[in-house]
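Look for chain A in each of the two complexes below; its partner is chain B in the first and chain C in the second.
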Partner chain A sequence: MNAIIVSALMGVVMMFSGILVKNRSAVTSIAVIGLLILLVSNILNTYGICSIQIDTKGLLSFEKFGMFFNSIAIAATLIYVLLSGKEIENAGTYVADYYALIFFVLCGVSILSSFNGLLMLFIGIEILTIPLYILTGSDKRNLKSNEAALKYFLMGSFSTGIMLMGITLIYGATGAFALGMGSLAPSTGLLMPSFLEVAGVILLFVSMCFKVSAAPFHFWTPDVYDGAPAVFTSFMATVVKAAGFMAFVRLFDNHTNILGPSWHILLGFVIVATLLIGNITAVFQQSVKRMLAYSSIAQAGFMLFALYSVNDLAKEGILLYAVAYSLATIGIFAVLIKMKDYTFDGFNGLAKTQPALALGATICLLSLSGIPLTAGFFAKYYMLASMVKADGSIWLVIVAVLFAAVSVYYYFRVIQAMYFKEGEAAVSPVSTAFRIGLLALAALIILVGIFPSLVLNWFYF
Partner chain B sequence: MIPVLLILIPLVTGLVSFFLKQPGTAKNWAVLSSLVTLAVAMVGIFFLPANQLAYDASWLPDLGSRFTLMTDGMGKMLCLLTVVSFPVVFIATYKNEYSNAHNFYGLMLLSQAGLLGVFLAADALVFYFFWELALIPFYFLCSIWGGNKRIAVTFKFFIYTFIGSLLMLAGILYLYFHSADHSFAIKSFYHIKLAAKTENLIFWLFFVAFAIKMPIFPFHTWQPDAYEQSPTATTMVMSGIMVKMGIFAVVRWLIPVFPNASAHYANLVIILSVTGMLYASLIAIRQDDIKRLIAYSSIAHIGLMCAALFSLNKTGWEGVMIQMFNHGVNVIGLWIVADVIEQKLGTRKFSELGGLAQKAPVMAILLVVMALANIALPLTNAFIGEFLMFNGLFQYNMVFAAVAGISVILAAVYTLNMVQKVLYGNTVATTENATEMSGNVQLVLIVLTIGVIVLGVYPQPLIDLTKDTVNAILVK
Partner chain C sequence: MSTIEILFFFLSALAIFSAIMVLVSKNPVHSVLWLIAVFFAISGHYILLNAQFLAIVNMIVYAGAIMVLFLFVIMLMNLNAETEPQKHLWMKLAGVVSGGCFFLVLVSLVRQATDLNGKTALMKEGNIGLIKNLGKALFSDFVVPFEITSVLFLSAMVGAVVIGKKE
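After this line comes the complex of A and B, so read on.
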């Protein structure tokens, strides 16, 4: 509960600080302090100290898994603000408002990690996405940014409509917004879900696929990620995406039985399509930013494994994946924002002019492609392990592994440009603090890559 | 503690090397580090009791993986090969100049740490980690300091091996969940009993990874290009040591874990290996480039080792053990000469060389010895190994041995052809002003030549060293 209340309050604080504080970097400092308060209050809540208790009539349930995820999301946001604060300040006119929106997104994240009914799921999703529509369009004078925002808004509201329809059908069939549908079998005692219920679950599935940009509902992702100011793309691709998965896993954790064996066929199709489209399309991109958009689709394909194999490894895995993927993506976007030219050629020779940036970006890219000794390896490892443990659908594992090899192709193109090609990469001024921050992030990625239990033990403590 | 030291010394010195901005300092630092590793390995292998050569520490308790290192005879021998090769490579290429030398030597030392880790690991996850750790430095070494086509070629090499590694990872995971105590330890893997059908499937997940690394036909296409384009110091390590990772992994991780599948597919694997031998030998005859010739000849030699492994008998295995070491020594010797010629004359093409024996007699003698060892002439070290391997293959199936035997003749054709065109005949424009090679290279080559002849006359120490591995695994 702490996270929801504090993040909403901090959002309001940020809005007022926009009126009172004119200095842009002071606003960033306030946001950093706000995030720290939020993080501390959430961690205290996790350990049961100083937690605010409100009777939510069973609409929200706070479990350790969800609260731990909140900590991850807040910490990732903190790292993101520390690294890219300067760019947020320069993204548009209303700095404080952007931070306010980020806090509201975090409020949505905290609801999504603790919802206990479809109603709260819907509210959480809305609180999460509406600020994002605004952030996407924050570069008001840029036509692409406007286009992206409008596209995102239209497509997003459409998928919200689908979700509402699904919720309505489920409500019609069962008379409740509750999650545990297995228990709602007809009075005959047979576990035969009604037609409406199945249709509702499938509609919910479709709309969730849209939110996490799983194929074939991914078409908005490249345009929105490409059009939005890079600094906000970074936020969308990390914290928001991970939160979407959190909600997805929570939602379908105990729903799989309703669709019977066809659930695995459906999900298997989505996973393979997502991996295929994400990876293959990323290979052909010329812009690193757009490549990262497609790669985020590809990574979503890997994260969907947690849904396929619902077991303890999958739960740990999705947390570790959220950490690894968020850290690496925040790092690579932080470097990307500094570049003047977002194409692959724009990175040529970066290692000569900015060795620290190149090293940081390389470690992030190695982590994204899942090379051992980086956090990304154990993230992928857990996903694959949970699959092997689940039921031995080893063919899906082999498909995933082959696509992971494809992903090496486009991630390493950036490394090649930075280290092996001649050129003068144009970079906006980089402060020493940024360099240190980036290298610290890289060190963190490697640390988690050697001792993933650091993250997971915290979860069990 | 010795195995940990063997990995830590190159790892730490390699990382330190990135900060040594003076090219000369980095060079000496690398030589020093490799000599220290050599000394530690010598002490560990020859003077300390066996219990000092294992290490076990908690690493990932939740996953059932421990940081376990062990050394059996084969591990000792390959560690020995690695620690001997690195100083040899560094000293032989001491005069070569690299841009950003500190990074070059840093990456070389990191690759040494990875290679030693692979040879020592006794836990599948640790093994996988080092398997990859050995790959990454090679990727950067070849891509930064290689020839003109380096980026595309190295990328092909990297993606090839990475696909293999990932398939192996899937296999490792499968075995992990089927091991009795849910652990990655090699002992647990040895006790896994799988149904025949699954065993055959998982066998391929592992075998493809190792076959790409060795490389075995038809997975070999990355190799000639990668050897040709890499800086020669890196090529020496790749062909001398890295490809042994594939053979080593088959002995330690494939055949004992999948005994039935190995026997089941032995014919197929041997056919692939023998095909590769003949194919590579025939291509080698048509080469005009020293580096490419050695690369193809290396495929042929590795093919024989793989075929002898899958003949699954003691004679063949003893041959493989000896040959793993000797092939490393010989191929590094050949690369050193190739590097000298390229550094001095700026070309590696036979058509632009000739008459070097008149200008550089010492080099000519040493090259001839190395070339004869490449053909496996009696009294050179390769003879014993090849003889035992052919003997093993013969015991398994006469036809295979006969067909594989053709490659020995072909080896003589292409190797002697190279010797003739490079060393004899009249001097041409490029070799007009050739001089004798420098002292450090002579020293290294003389040491290697002594090794070639001593091990050729008296190979028993190598057989004794590795006999425990051969017996332990073949008994299974």
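After this line comes the complex of A and C, so read on.
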């Protein structure tokens, strides 16, 4: 509860700081302090100290898993603001309002990590996405940004409509907002899901797939990620996406039996399609920003494994994946924002002019492709291990490994451009603090890659 | 057949007919007017279920405010039958196939839903939809989502201001 209340309050504080504080970098400092307060209050809540107790009538349930995820999301946002704060200041006129929206998104994240029932899921998803429509369109003079915002808004509204219809059908079938209640069959007296509930669950599944950009519903992702200002794409592709998966996993955690055996067929299809479309299309991209958008679709395919194999290993895996993927993507986007030219050629010869930037970007890309000794390796390993442990869907594991190999190709194209091609990479001025921050982030990725237990132990103690 | 059943079937037929007319009308303004008919028919259903508050709110908010918004958008964009964009034949076909599949699933689900057999909604009795009971539920059982929704509205307002203000 701490995280929900404090993040909402911090959002209000940021709104007012826009009126009272005129200095842009001061606004960023206030946001950093706010994020620190939020992080501390959430950690205190995790250990039961100074936690606000409110009777939520069973609509929210605060477990360690969810609160730990909150800490990850807040810490990732903190790293993001520290690295890319300068670009947020220059993204548009209303810096304080952008930070306020980011805090509201975090409020949505903490609702999604603790919802218990479809009503709170709906409110959480809406609080998560509505600020994003605005952030996508924050570059008002850029036609691409406007187009992306409108597209995201329209498509997002449709998927929200589909989700509401699913919730309505489930409510009509069971009379409650909880999932997986089932109703008593009149003839046998056994607990079985009503047919309306099945239809509702399928609609919910479709709309959640849309929110995390899984394959047949991914069409908005490249355009929105490409059109939005790169700083906000970074936030959308990391914290928000991980929160979407958190909600997805919580929603279908113990209730996969509603659909019976067809659940695994449905999910298997979505996973394979996501991996296929994400990886193969990323190969053909010319712009690094657009490549990263497709790669985020491909990474979503890996995260969906946690839904397929619902076990403890999958829970640990999705947390580790959230950490590894967020850190690496924030890092690579922080470098990308500094580039003048977003194409692959724009990275030519970066290693000569900016060795620190090139090194940081390389480690992030290695982590994204899952090379050992980086965080991404263990994230992928846990996902696949949970699949092997779950049951005999080995063919899916093989497909995933093959596509992971494909992903190495397009990630290494950037590394190749930076180190082995001649050229003058045009970079905006880079401060020493940014270099140190980026290298510290890279060190963190390697540290998590060598000792994944550093993250996972937190989950248990 | 009792009066309530006759009313129910009349309203249902009206709602479905108007909904189809929304889709097939060439002129967007006619579509919007048919949509208002849909909302009124659904409000009628709410009244049959003894949920007067919901019926009135549905009329005020949907048939009133949102429809005015729709009409404004149509007028601002100067949409009419001539400027309707021509969609590709394959797009239409794909839409028909996917929509038809979904319709098929829903119809077959309702047909097989044995747990719904012989059940009717509470007509003209039951007071759960009255404003007093609704308010009680809203401020006791559902007070947390009610309060948290304010964050949603706040973020939407901040967003509207950010989008609307001058650079």
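Criterion: the second predicted complex is superposed on the first by the 451 of 461 C-alpha atoms of A that agree within 3 Å, B and C clash if a C-alpha of one lies under 4 Å from a C-alpha of the other, contacts with A are read in each partner's own complex, and residues count from 1 in each chain.
FYI, contacts are C-beta pairs under 8 Å (C-beta built on N, C-alpha and C of every residue); 3 or more make two chains touch, one makes a residue touch a chain.
Computed from a prediction, not measured in an experiment: that's the story for all the values here.
**Q** Since both structures carry chain A, what do chain B and chain C do when superposed there: clash or fit?
**A** Partners fit side by side after overlay.
**Q** Using the superposition on chain A described above, determine whether A:262 touches chain B (first), chain C (second), both, or neither.
**A** So A:262 meets neither chain B nor chain C here.
**Q** After lining up the shared chain so the two structures overlap, which partner does A:452 touch, if you call chain B first and chain C second: first, second, both or neither?
**A** So A:452 only meets chain B here.
**Q** In the combined three-chain superposition, what is the angle centred on chain A between chain B and chain C, taking C-alpha centres, to the nearest 10 degrees?
**A** Spelled out: centre of chain A as vertex, angle of 140 degrees.
**Q** When the two structures are overlaid on chain A, which partner does A:107 contact: first (chain B), second (chain C), both, or neither?
**A** In the superposition, A:107 touches chain C alone.
**Q** In the superposed arrangement, does A:372 touch chain B (first), chain C (second), both or neither?
**A** In the superposed model, A:372 contacts chain B only, not chain C.
**Q** Looking only at chain A, is it chain B or chain C that touches more of its residues?
**A** Result: the larger residue contact count on chain A belongs to C.
**Q** With both complexes superposed on chain A, which partner does A:404 reach: first (chain B), second (chain C), both or neither?
**A** Touch status of A:404: first partner only.
**Q** Is A:126 contacted by the first partner chain B, the second partner chain C, both or neither?
**A** In the superposition, A:126 contacts chain C only.
**Q** Contact-wise, after the overlay, does A:54 reach chain B, chain C, both or neither (first, second, both, neither)?
**A** It touches chain C, and chain B stays clear.
**Q** By the touch definition at the top of the document, which applies to A:286: first (chain B), second (chain C), both, or neither?
**A** neither
**Q** Please provide the least distance in Å between a C-alpha atom of chain B and a C-alpha atom of chain C in the combined superposition.
**A** 37
**Q** Overlap of the chain B and chain C footprints on chain A, residue-wise?
**A** Common interface on chain A, chain B vs chain C: nothing in common.
**Q** Which chain A residues qualify as touching chain C in the complex?
**A** 4, 8, 11-12, 15, 54, 56-57, 59-60, 92-94, 97-98, 100-101, 104, 107, 111, 119-120, 123, 126-127, 130-131, 133-134, 137-138, 140-141, 173, 183-187, 194-196, 198-199, 202
**Q** Of all residues in chain B, which touch chain A in the complex?
**A** Touch residues, chain B against chain A: 60-62, 128-129, 132-133, 136, 140, 143-144, 150-151, 155, 158-159, 162-163, 166-167, 169-170, 173-174, 176-177, 201, 205.
**Q** List the residues on chain C that touch chain A in their complex, please.
**A** For chain C paired with chain A, touching residues are 105-106, 109-110, 112-117, 140-145, 148-149, 151-152, 154-156, 158-159, 161-163, 165, 167.
**Q** Would you mind writing out the residues of chain A in touch with chain B in their complex?
**A** 366, 371-373, 381, 384-385, 388-389, 392, 394, 397-398, 401-402, 404-405, 408-409, 412, 416, 419-421, 451-453, 456-457
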